[in-house]
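Read through the structures below before going on.
Two complexes come next, and they have one chain in common, chain A, joined by chain B in the first and chain C in the second.
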Partner chain A sequence: MNQLLQCNTLKKNYSQTTILNDVTFSLEKGEHFTVVGPSGCGKTTLLRCLAGLEVIDGGDIILNGKSLVTAKPEDRSVVLMFQDALLFPHLTVIENVTYGLKRRKTSKKDRIRQAEEMLEKVKLTRWNNAYPHELSGGQKQRVSLARALVLKPDLLLLDEPFSSLDATLRESLRGEVRELLRQENISSLFITHDRDEAIEMADRLAVMDNGEFIQIGLPYEVVTNPSSIESAMIIGEGMALEEGFIPLNKVSAVNENEMIEPNFISIPGKVTAITVKNNQPCYRVSWEKGTVLVTSRTQLHQGESVYLKAGRGTIKNYINQEKHRRQIQ
Partner chain B sequence: MNGQIGLLKNKWKAGLYLLPAVMAILLLVGYGMWSAVAQSFQAIDGRWTADSYVNLFHNQLFFDSILLTIRVTTIATVLALAIGLVLTRLLYQFFKDSSAKILVWIPILIPHFVAGYLVFLFFSQSGLLSSLLFQLGIIDDRVGFPVIVQEQFGIGIILTYVWKEVPFVILMLLPVYYEMDHRYSEVVRTLGGTKWDSFKTVEWPWLLPILIETGVILFAFIASAFEVPYLLGVTRPEMLPVRAYEWFYDGDWSNRPLAFSSMIVPGLVALLLAISSIGAIQKHRLRLVKGRVR
Partner chain C sequence: MFHSLNIGKKKMTNILIVLLFILLFILPFLTIIMKSFSVGWRWPDLLPNGFGIEGWKIIFRDPSLIEAIFTTIKLALMVVGLNLLLAIPAARALSTYTFHGKSIIEAFLLSPILIPGILIAMGLQFTLIQYGLADRMAGVVLVHLIPTLPYAIRIMRAGYERMGNGLHEQAIVLGAGPLIRFLTVSLPLLLPSIRSLMLLTFVISLGQYALTAIIGGGTVVTLPLLYYPYFSGSNEAVIAGFSIIFALLPLLFIGTAEILLRLVIRAVNRV
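Moving on, here comes the complex of A and B:
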């Protein structure tokens, strides 16, 4: 694969506050890169800088070998999809989808053809002449996606585009969007605070906290081997402890009266909900630093005090544990 | 059903609360208007006749006045709207600060005749500006200063109205900019549109109805206001309100019906203009919110 995007030590400050602190990463052509992080960590600002909606205070953005630092938003082959669909309410679906093509002086015949093809791909063929208020939330986001993809940008930036939709719709749209991006061979940078969404959408995943990328890697690697406690708390599927990370499949819940062997660690918690996963009862247990969904050999009840138990040997040290310790000290 | 009854009750209640204000308007303004219409159809001997309207449309003074009125009013309205729009577009963030808003309020608080007098003081040939230019040696003589007030093109009148009405336009447009979703402008930019495209697609559709409404208000006001053209206009041709005033206070009482009919005709035109523009604006607003107008 060829390199599409290179961001070098990006910096962005709002008055005295640092929003992006030396963010460095690269993106290959056709790659789907996801950034996950808590609200306010700088994800949206990063996208806005890449789209040209914010002026960066330092560093460089290179797309296809050319620096974008002074390029206007309209001169970048980058399209940003927002959290809300933001369709122009006074334009029909087809007018919305052809909007960008019209700005690029594509002939009317061509832009209608391209828009119709794209609407077919997002399964909205019969809605050409509808107005946005006549569409459901999911349909609006599909039109928004068609409006972005029809321009065939080198890079599509997606700013939590499914966050306003219900869970079922969100899940089905995720798959569709990913498939469509592959079909169109368009690289994407997707940001979200939703862990599952991040994992599903990513070829590669970056964990962001306080304006910095604290870990970049393949989704499975990042989820199972968080590099620091911060990363573990944001993305890790398991329990983030000071001494290391325990993958979730190594943790189980036991009744508080049960004996725990010396080579196991036990952490107190409380059953907050009972559910079924893979035909097995599962228990959502809240503990000091959050909640986990675990199994148990014995039957537990809602509200019951329990211990979360894991073998000491299953604790994985953080890669950046030294750095983390230094920070704590 | 219960909901509908509740809605009806609320409407009645709202109507009842509005009644005192509506009655005051109907009695004071309504009576005045009815009286003007009635007198425009009455001859000096009390006969009912439409002669004043026939005479009006054969009267050269009326045509000269109406041409001047339309020209001055149109120029002042368009200039006030354009300057107001540009200033609002450039400075709406600045106007969020309440002390900055006071700057806009100041010209609104000054009565029109005072504004007219200030324009006279500043821009007449013996005014402050000509004195200043003379003192600075830029002009040799005060007579060399161009005639801006009390001349036949109504420049002084236009200047006064523009100065007075630009703040009004700004105050009408500011809420539009504050309520506008500026993310749409960013959508336009990332889809390859320029700042101008963004203005046309995002801002203009929301601004247009307010500009039309404000324009109709300004046009009707400037066309029918008396003090400024009386102070800054010339004897012939004069703007329509001044002409009507002169017919009203003329020694010849037979001209009185002309005074009324000369104000009723443009009044009716303004009313029709307002009604048709409100209809068009409602359709436009509906299109913005719901897309299709059914």
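Moving on, here comes the complex of A and C:
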């Protein structure tokens, strides 16, 4: 694979507040890169800087070997899909989809053909002449996706495009989007605060906190081996303790009267919900730093005080955060 | 039963609304039309004593009428055009950007509403004389901005705030430059505001007597300058005739502007 995007020490400040602090990463052609982080950590600002909607205060953005720092946003081969579909309300579906093609001086015949093909791919064939107010939320996002993909940009930026949809639709749509991106061979940078969405959409995953990338790696690697307590709390599937991270499959819940062996650690918690996962009862247990969904050998009840138990040997130490940041750079 | 009662109630409300509309808007206009063709119509007579076209004859006998109508339209078009040119960027900047001194600029732009226009015009007259703009169309156009621009900015600003910045940014990332963005996104979505701005500034400019008289110095003769002296006369048919011309001009203007704007929007937004 060839390198598509290289971001070097990106900086962005608003007044005295640092929003992006030396963000450095690269993206290969055809790669799907996801950034996950809590609200307000700088994810959207990062996308807006890449799209040219914000002027960076330092660093460089190189796309296909050329610096984008002085390029006008409308001249970049980068398309941003916003949280809302943002369809032009006075234009029909087909007019919305051909909007960008017209700006690129594609002939009328070609733009209609390309738009119709793309609408077929997003399963909206019969809606060409409908206006946005006649579409459902999911359909609007499909049109927005078609409008972005039809331009065949070098890089598609997706700013939590499914956040306004209900859970079922969100799940089905993200699968379709991933498939379409692969079919069209378009690289993507997807940002989200949803852990599951981040893992599912990513070839590679970056965890962002306070304007910095605190960990980059393969999704499985990041989820099971977070490099710091911050990373563990954002993306880790397990319990983030000060001394290290315990993967979720090593944790179980026990009744508070049960004896705990000395080579196990125990953390007090409370059962807040009972559910079924993989055909067996699971308990959502809240503890000091969050909640976990765990199994138990004994039957537990809602509201019951329990201990979360894990073998001492299962605790994975965090990599020193400073050292890890240097490795990223 | 309840359903048919509801329908009856709704029908009655609609009829009442139509009657109210006729009473408030159509009836006064019809009265003025009738008055312009009347020969003597005194209180408490329900109808005029007779009908004729004397009033209209007097209006059209005035040699400067046609020229005054053209001057008025030319002036009002220039005022509307300048208002659009100034109010659109100003409103966009005020609604989109945050910058130091924004509130001072806002207050300054709206100040002509707070100070009587005639005071500003008196003060401005000396400056306009100095720059050779007094007694000229350009000077009158500039002075007509005083009572119109603050309203124009307010109207456009409300439009931009309603529209938000999202669609604008969406157009940017899809490759639209500033002019195309304005024509394809802002113009169609701001059309209600633009329509209000054009109609309001046209009507305000059309009604200016004092400002035109002070700065125009009698050289720039607009319809009000021709029309107001007739108030001292007793021929109400003439006054009614002038009022009809006054009322028709903005309607004609807004109708033409609407057609032109829609043609432009349709042309730029084709697939």
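Heads up, the rule we're going with is that the second predicted complex is superposed on the first by the 320 of 329 C-alpha atoms of A that agree within 3 Å, B and C clash if a C-alpha of one lies under 4 Å from a C-alpha of the other, contacts with A are read in each partner's own complex, and residues count from 1 in each chain.
Simple rule for what comes next: a contact is a pair of C-beta atoms (placed from the backbone, for glycine too) under 8 Å apart; a residue touches a chain by one contact, two chains touch by 3 or more.
Predicted model only: the values in this text are computed from it and were never measured.
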{"item": "Three-chain arrangement built on chain A, chain B and chain C clash or fit", "value": "clash"}
{"item": "Partner chain in contact with A:E134 - chain B first, chain C second, else both or neither", "value": "first"}
{"item": "Partner chain(s) touched by A:I199 [first = chain B, second = chain C, both, neither]", "value": "neither"}
{"item": "Which superposed partner A:I94 touches (first chain B, second chain C, both, neither)", "value": "second"}
{"item": "First, second, both or neither for A:L20, with chain B first and chain C second", "value": "neither"}
{"item": "Touched partner set for A:R111, first chain B, second chain C, both or neither", "value": "second"}
{"item": "Which of chain B and chain C A:R147 touches, first, second, both or neither", "value": "both"}
{"item": "Which of chain B and chain C A:L155 touches, first, second, both or neither", "value": "neither"}
{"item": "Common interface positions of chain A, toward chain B and toward chain C", "value": "51-53, 72-74, 78-80, 82, 84, 86, 88-91, 99-100, 103-104, 147, 151"}
{"item": "List of chain B residues in touch with chain A within their complex", "value": "181, 183-184, 186-194, 197, 201-202, 205, 287-292"}
{"item": "Residue ranges of chain A touching chain B (in the complex, touch as defined)", "value": "51-53, 72-74, 78-80, 82, 84, 86, 88-92, 99-100, 103-104, 130-134, 147-148, 151"}
{"item": "Complex contact set, residues of chain C against chain A", "value": "166-167, 169-177, 180, 184-185, 188-189, 265, 269-271"}
{"item": "Partner chain C, residues of chain A touching it in the complex", "value": "51-53, 72-75, 78-80, 82, 84, 86, 88-91, 94-95, 98-100, 102-104, 108, 111-112, 115, 147, 151"}
